[in-house]
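Input: structures, listed below.
In what follows, chain A forms one complex with chain B and a second complex with chain C.
The block that comes next holds the complex of A and B.
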């Protein structure tokens, strides 16, 4: 089972767990497994089509999955997956 | 009734100074403290505005800096409670652009900076985790009562 690190703002949806064990072969499987385990999390992670939202970055170890195979990136039992909210804004 | 977020005088000054120093660009940083019965912010830390191009109306925090901020909170037994940024020559009102990428739980503190002079400091939080902001009352805890 790979491990997903949950960022602080989403921990209220994971019973305050900062780490969650997750199954699957790819990043997409792992994120969908997480969203299934914790229903309240789903709308913050996935869009209407079940894809990872554009303002959520996912890292496998220290690598942005966009530099790998995106959500088709293969994971292993010792994989550490980080969910990283894209923090941005502006006055207008 | 508005929820209240408590900040120390040091945090207030820190944000004011950062906003003034970084004018006319938008500054940004992380807010740490403890979440219990009350939300108390006791520490602010600056972070680079990583937005490429014009930073007068936009800020961005890199994923690496965000991951470092989460680690800092764990190592120092603090809660990562929110983000602050400045609105140069603009009110401290959360914009559509602020809302678009807002996360639940976080307090988003915004300082208005007018011609380099810090003004209003307001806090915004997603309402019931929906895509809508509500304002939080900001109460500054002064070391010496005014």
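The block that comes next holds the complex of A and C.
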């Protein structure tokens, strides 16, 4: 099982878990598995067509998946996947 | 940096001796600082440590952009200010404080919002920009203005326990520029999708840590000492004490051809509060005391409810739609949050999705109730 690191702004949807074990062969599988486990997270990660939203960056290790095979990037049991959201600071 | 090179006075040499004796830094590094011009946008949580360290380090000319005034809820993290400064201009107060710290530097204050209209004019006289802003529209504006004007953008951002730092638009030895913010985040999240700090808060010491790292990168960029955080994004989680550095690549599809309407770009239209029906705290008080049948809903988070509440039914904004069956369609429903922004979002969501027409936003939220009706309810 690969591990997905959940950033602070999204932990409210993962019962405050900062790491979630996830299944699948590719990044897309892993993100969809995560979105299935935590239904409230789905609209934050995936668009209507099930694709990863453009304002979310997904990393495998220290590399942006866009520099790899995008969401078709293959993952392994020891893979660390990071979701990196844009954060802006304190104002409404 | 600046064309007119100033030398160090004996007083300055004594002051900066701990810099000058670092072999890689030396007199040359200190002179580069003295002859540099750094614009710090925002003098709040991040801006406070950035300004203090840049002033102390001897950056010769610092610009401060901040239209805001000091509020008591700032003092938990904005260490430039004290209770004596409440209500005063942040930029002016910062200038006064920094000149006491280091009278050898020059400070220019811009007591105005950083906008598409003034951005390029303001940054033209500076070499490096430190982005300590607190909202998406200004983040994109700072980035785009830096790209258009050819300035380095030392970026930092915070949320709760988490911070990000990077150096954007850095001029590399081969003459090309390093990645910028839009290469990382081509477009912002829609409003309301990612919670903001007013909903989520920020650990007071976090901007101290992240802002200090930001100041460190500014100094490295100016002096050429070390390896600046170019093409890399530093992440820090204060809760777990984990740090990571991720790669950031330039995106050939990123095109910045001019400054735009950044509120519109970030999907922030007219104030949503003005588009929903409103009720004042005095009217709510009358409802309560005159026995009128109504439903009161509080869309804040449970931990905010614990701070203080006015006996509303707690349904956080994030679960408002799935809780729609609990909301009456037969009597007035008053919805409130802290200040009225989230409750307006909740009303829009309920009206658009379920066709409610009996929802009223409590104007000014629980803060207004605390101020005008019941001062025993804490404001936060």
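A few remarks follow.
Simple rule for what comes next: the second predicted complex is superposed on the first by the 86 of 92 C-alpha atoms of A that agree within 3 Å, B and C clash if a C-alpha of one lies under 4 Å from a C-alpha of the other, contacts with A are read in each partner's own complex, and residues count from 1 in each chain.
Methods note: a contact is a pair of C-beta atoms (placed from the backbone, for glycine too) under 8 Å apart; a residue touches a chain by one contact, two chains touch by 3 or more.
Note that the structure is predicted; figures quoted are calculated from it, not measured.
Look at A:89: by the touch rule set out above, it reaches both chain B and chain C. In the superposed pair of complexes, A:8 makes contact with chain B and with chain C alike.
When both complexes are overlaid on chain A, the residue A:44 reaches chain B and chain C alike. Legend: residue contacts after superposition of the two complexes on their common chain; A:64 is shown touching both chain B and chain C. More residues of chain A lie in touch with C than with the remaining chain of the pair chain B and chain C. Comparing which residues of chain A touch chain B with which touch chain C, the overlap comprises 7-10, 12, 18, 40, 44, 55, 57, 59, 64, 82, 84-92. Within the complex formed with chain C, the residues of chain A that make contact are 7-10, 12-13, 18, 40, 43-44, 53-55, 57, 59, 62-64, 66-67, 82, 84-92.
Interface of chain B with chain A (complex): residues 26, 28, 51, 57-61, 63, 66-67, 70, 73-74, 79-81, 83, 85, 87-88, 90, 94-95, 97-98, 100-106, 108, 129.
Across the interface of their complex, chain A is touched by residues 42, 44-46, 132-136, 139, 157-162, 164, 184-189, 193-198, 200, 202, 233, 235, 237, 239-240, 244-249, 251, 318-319, 339, 341 of chain C. Residues 5, 7-12, 18, 40, 44, 55, 57, 59, 64, 82, 84-92 of chain A touch chain B in their complex.
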